[in-house]
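The following pair of complexes shares a single chain, chain A, combined with chain B in the former and chain C in the latter.
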Partner chain A sequence: MRIVTKLFGLAVTAVLVSMMTFMLILLLPGDPVVSALGTAYDPKSDIGKKQIEVVRKELSLDKSIPLRYLDWAGGVVTGDLGRSFGTTTGGITTTRILKERLPVTIEVMILTQIVALLMALPLGIIAAYREGRFVDKLIGASNFGLLAMPNFALGLILVLIFSVKLKWLPSSGYTRLTEDFGKNIRSMVIPVLTLAFGLSSVYARLIRAEMATVLKEDFILMATSKGIRPWRVLLKHALRPSSFSLLTSIGINVGGLIGGTVVMEQLMAIPGVGSALIENIFKREFQVVLGLVLVITMFYVAAIFVVDILYSVLDPRIRRGSTRA
Partner chain B sequence: MAAPAPELISLTSANEISPTEVVTPRKKRRWRGQLGTVVPVVWITLVTLGALLAPWLNKVPGIRLLKYDKIVAKKGLTPSAKHWLGTDEIGRSILSRLIWGGRVALAVGIVSVLVALIVGGFIGLIAGYYRGKIELVLMTLASTILSFPALILVLSIVAFLGNNLRNIVAAIAIVAIPAFARQAYAVTLAVSQREYVMAARSLGAKNKRIIIREVLPNVILPLSAYALVITAVAIVAEGGLAFLGASVERPTPSWGTMINDGRKLLVSDPSIWHISMIPVACMFLTVLSLNLIGDRVRGLIDGKESKL
Partner chain C sequence: MHQQSRPTRRSTSRLIAIGAISMSFIAVACGSDGGQTATTTAVGAVTTAPAATTAPAATTAATVPPPPVTTVPPKEKPKTGGTLRVANESGVSTLDPALGLAQPADKNIALVIYDPLMSWDDAGKTIPFLAESLESTDLKSWKMTLRKGVKFHDGTDFNADSVIAHFKRMLDPATKSSWVSAATRYGVPTKVDDHTLTWAMATPQVVFPNDMSGAMGYIPSPTATAKDSAGFGLAPVGTGPFKLSKFEAGGVVEVEKNATYWRKDADGNQLPFLDKISFRGIPETDKRLTAVKNKEVDFAGTADTATVIEAEKAKLNVQRISGSSSTIMMFNSKKAPTDDVRVRQAMAYATNKKELNDIIYNGARIESYSAFAPTSPFFNKDTPTPKYDPAKAKALLAEYGKPVEVVLECIPTPEATQILDIIKQQWEAVGIKATTKFQEQGAYVGRIFGKVGDWNTACFRSNQFIEPDQIRASLSTDDSANLIFYSNPEMDKALLEGGSTTDFAKRKAAYDKVQTILSKDVPTMSTLYDLWGNITNTNVQGLPSPERSALGPIKFATVWLK
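Here is the complex of A and B:
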């Protein structure tokens, strides 16, 4: 029953998101027909007028806004996310752009999550275990500092150190995973590290806060007094009940990173969804922009939904329908 | 559907910390000492004063603030006694440009955030106090907007409307409104259940009076702590816009455009790395200071709450 309600909620959110995405169109100043046609026509000639008519029909601009939304949404549901009109690129479908660009961004996202968790888990657990001690304060202070570092600034510093001074890593560019594995990983190091540093400071703080509370509970005292080694207690007993806000945050960032890598993709010249979006925003390919924004946002919505479901798997109290203490 | 945490900009922000982390103010005072608050406050005051007074600073004897587009010396000079922070890629004083650039940070950090605080705070207050259908509509709307990647939303607005300061400030304010609405909503929900609100209601006070006299004063404090964090996020967002080529037009300096212009030279000429790294440091110190002050304010509020 609960899952049905949640699915309904997901559907409502999806519809709202698509409506709001569509409303981005209303922001467009000027005539979208003109931007679709570019400079390759003469508005005064008969042919030019005819062209305008054709494009206006093609973009369904002769219809009212609700009707245009329904048309567009209908297309989206059947897998038609629109296409670009660019004179130079000559009309690529948004789906093709996604097929090309999405895997790159997803690779960055997954690697970032893994690296961030690898950094955050030990730090967060140690900080909680030594709560109030020097190590805890040191970890806390450095996380606080990292939080204040904008990711483009951190990326720039890493570029300065690792590619400009030490010349270990490329300063920009991307090699496909299928082309050359080693080169691919090398081109991923700086963007992934940059994003992961920021993320891990958030994760570590979440783990520390929740675990510090869990460690004060009776079942931990019980486990410790049975003589179980501290590391075992931390990992086997304390970690699972301490991972709820971490899980939420991971979920948010699975979705958030798909759109959140934009600046990083721009800085490191990585051809992901983010940079595709930027290119199309500046080329005023608004159909493509709508399609991409919709997909990116849906990723976010879906990730949150999955987290919601995972909650009940992780926490028996929710599964039974009672509220968490 | 589980409510996603308020996430203004997809950059990680300090507000994702769960409320279980309770530190009493006294303990905290011993922790960091007063220095951790005084230094950030001094820094923010300096930046603010510099930004506000930039057009008149020249008239003060002893201060030689140069116009931001004035070429004063050879390009790429490193910091020296004459040019404290050196010169940039075309020979303009970096220190002067930082001070002028503070005006953009100030506009984005204060004007956008203030607008969002007032509008979003009002929405959240109404939704949290009246509940029911208003709550459902307003909060669904807020969480829908919050599921869009914020920086992309800001960029779309700015790119479509034109990248002048007014549009940038407006775009950031629009995106920040639902974040404030959600925060105000959560606090109002809790405050509305408190004894003093019930007491006022049982005395026959009208809703309007209860909201203004009882709820608002208790919502505004936590909301302003949140505003400090969002101010930092907004300043970073301007930097993000600059990297995407949509911040203020040259030659008007902003910290973001200074970093972005400097980084283009970083790879070709590593010897002048200070051109990008000095504004990076400036932005970092500002964000760090705002987070520290925000943290402190939050700690003080928590302390006051627990005493009640």
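Here is the complex of A and C:
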């Protein structure tokens, strides 16, 4: 029942977000017909007028705003996320854009999360275990440094070291997993590290903060007094109850990494969803923008839904309906 | 940030790719063949040898040899095979020639898939290509014969029906073709036989052969366009040296050798030499250069002067291509204060182009004082175009007698920001109160093309057209392409004269008049000629000459790998 309620909430969120995105796009300055036709826009000649009519009809501009939204929403339900209509974009469907670009973005997202966690877990645990000591302060300072450094700056430094100087890795571009596994991994190293460093510092701080509190709990004292080895106490007893904030952050970053890595994509010439979104905003392809935003939103919502479910796996009290301490 | 007084050259190079993409789009908006187009030599050649009508080989020969191909350097025997990896400044969105092919990247790829009906030789003269001949005596009635035995990649025969279908498609409003205005002037051709067509135009169209050399003359397969017209740009089929094998919008585009291609090079070698070309977009100009240096790609183009210089320092092969376009400031002729000619003149006199060049481009570009490039036979060096003279600017403003307040507008790229900041300070030095405003490309272009007319001065990129008549639309009274609301009956008359004859002397006189009026009226102000660089590793051979490359997109048919 709880899941059903959450699923219903998920659907409502998606509808609300799509409505808001639809409204936001209406606020954009400039006539979409002019943007679509570019040099072909000619409201004076007969054929120019006909072209304008064609575009107006294609974009449902001849209908009221609610009807236009319903038209679009009806298409979405049947799997039609719209298509580009401008003379510079040539009728590509949003579905095709997603088919080409989503796998790239998902790969970046998954690898980034894995690498960030691999970096963050040991650092966060050590920092919590050695709370207030030199190691904790060193890790904290390093995390601050990484957090403060913009992604693009870190990316450029990595390119300078690994591509320009050492020539170990490609300076840009993406090879698909299905084409060449080795090349794919090599093309992923710099983008993933660029994104993972910043993320790992957030994760490490979350683990450290939560685990430092957990380590002061009675059940940990009990475990330690029983003579259980420290690493076992940390990993088996303390880590699970210290993971709630981390889990939430991972969930939010699933959505963030799907649509919000534009700078890295631009810098490394990675054809991901974020850059597709920006390109289509600039080209006023609002049907495509709507479709992409909807999909990105769904990733956010789905990730948060999964996190909610995982909470109850991590904490039996949630499963039983009681509140977490 | 926007108020910095001395921007450095390095800061320009960082994100210039975005600017290049944006500005290239604007360039197309001027109605030419886009990015790296007309060179100065080209303009004259078209005029001295009007269109293809006087090319004897083209008009009389039963079988026409393939157009001559000049390559640099044409020393070694070309090797066949291999994959050329090309880095463009953006990914490609559509390869439908009816849609205009807005970005330089689109053109690069389109020209390996399609063949144009006409083309330019190294001197810029229009010559038949997929056509065998093009003739006209009055510039209204045109007769074109087509090359025989050519097939599209899908096996469809190339013939008169394919050309007719292309024109019909451009004229279909559902296609939303960028060429609809020109196609309306030319009309759908009449089929005489399978390989002969005629056009009957209402007015003389001296620009027709030139238009058939650009994207408008790229002929798509009628079978493919009939099957899926809206989606054709994503699955293009032409007669060109390569056929599409992979298309990822905004990602990688790959083409494979067309084994039955109809052309041979000047030495009789079958074209193309390469097995495959892989194109991808790398938006950052620095990264494109790094990719060539690291041998991740073999060829990269750049519109950034600093990158051209850096590539030369790195001992890479660099073709410098200059004079194909220039950055201009447009003045709104119907909105105060730029509706007053004295204000426009004052702005031109107040602009120090040398300073712009030195600060932003390290002095590598050439100052521009004309709508024509300096090597064009139509370029009149004696035209009294305003040159930097702050005293004159102040005097003109004093004569105007009212405070002058303007907003300098452009798209928000680092390059545009620098240009506008410097011009703003130069204008302020003579007493013009100037502010800058930056608007993202879509809205900016929408406002300019929508002819909203709520702006005073707006940046633009203008091409130095191969065919001077291409300037006509942007300056003719009430023409839809006249974005600056400029109107001068004398100018209309001179433009009409220049565009209605093939007689060089008459045209020269007409375009002299055009330049004189332009220098007095100052409806726009040209600043610096752009500099384009083709950067390659030393293994890339057979590139067309820089002069040829300046005429239009790079032709990869003759390229081979050492």
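Things to note:
One rule holds for everything that comes next: the second predicted complex is superposed on the first by the 320 of 325 C-alpha atoms of A that agree within 3 Å, B and C clash if a C-alpha of one lies under 4 Å from a C-alpha of the other, contacts with A are read in each partner's own complex, and residues count from 1 in each chain.
Here, a contact is a pair of C-beta atoms (placed from the backbone, for glycine too) under 8 Å apart; a residue touches a chain by one contact, two chains touch by 3 or more.
All figures in this text were calculated on a predicted structure; none of them were measured in a lab.
Contacts of A:55 after superposition: chain C is touched, whereas chain B is not reached.
When the two structures are aligned on the shared chain, A:237 is found in touch with neither chain B nor chain C. Between chain B and chain C, the partner in contact with more residues of chain A is B. Within the superposed three-chain model, A:256 lies in touch with chain B and out of touch with chain C [touch as defined at top]. When the shared chain is aligned, chain B and chain C each come close enough to touch A:266.
Once the two complexes are overlaid on the shared chain, A:282 sits against chain B and chain C alike. In the superposition on chain A, contact of A:171 is made with both chain B and chain C. Contacts of A:163 after superposition: both chain B and chain C are touched. Comparing the two interfaces of chain A, the one with chain B and the one with chain C have residues 28-29, 159, 163-164, 171-172, 266-267, 281-282, 284 in common.
Of all residues in chain B, only 1-2, 4-5, 7, 10-14, 16-18, 20-21, 31, 140-141, 143-145, 147-149, 151-152, 155-157, 159-162, 232, 236, 239-240, 243-245, 259, 263, 266-267, 270, 273, 276-277, 280, 283-284, 287-288, 291-292, 295 touch chain A in the complex they form.
Here chain A touches chain B in the complex through residues 6, 9-10, 12-13, 16-17, 20-21, 24, 27-29, 137, 144-145, 147-153, 156-157, 159-160, 163-165, 171-172, 198-199, 201-202, 205-206, 209-210, 212-213, 245, 248-249, 252, 255-260, 262-263, 266-267, 274, 277-278, 281-282, 284, 289, 293, 296-297, 300-301, 304-305, 307-308, 311, going by the rule given at the top.
Every residue of chain A that touches chain C in the complex is listed here, in rising order: 28-31, 34-45, 47-48, 50-51, 53-55, 83-85, 87-92, 96-97, 100-101, 159, 163-164, 167, 170-174, 266-269, 271, 275-276, 279, 281-284. Interface residues of chain C, counted against chain A in their complex, comprise 18, 22, 25, 28-29, 31, 91, 93-96, 99-100, 102-103, 171, 173-174, 176-181, 184, 230-234, 248-252, 280-284, 287, 290-291, 293-294, 296, 439-443, 445-447, 449-450, 480-481.
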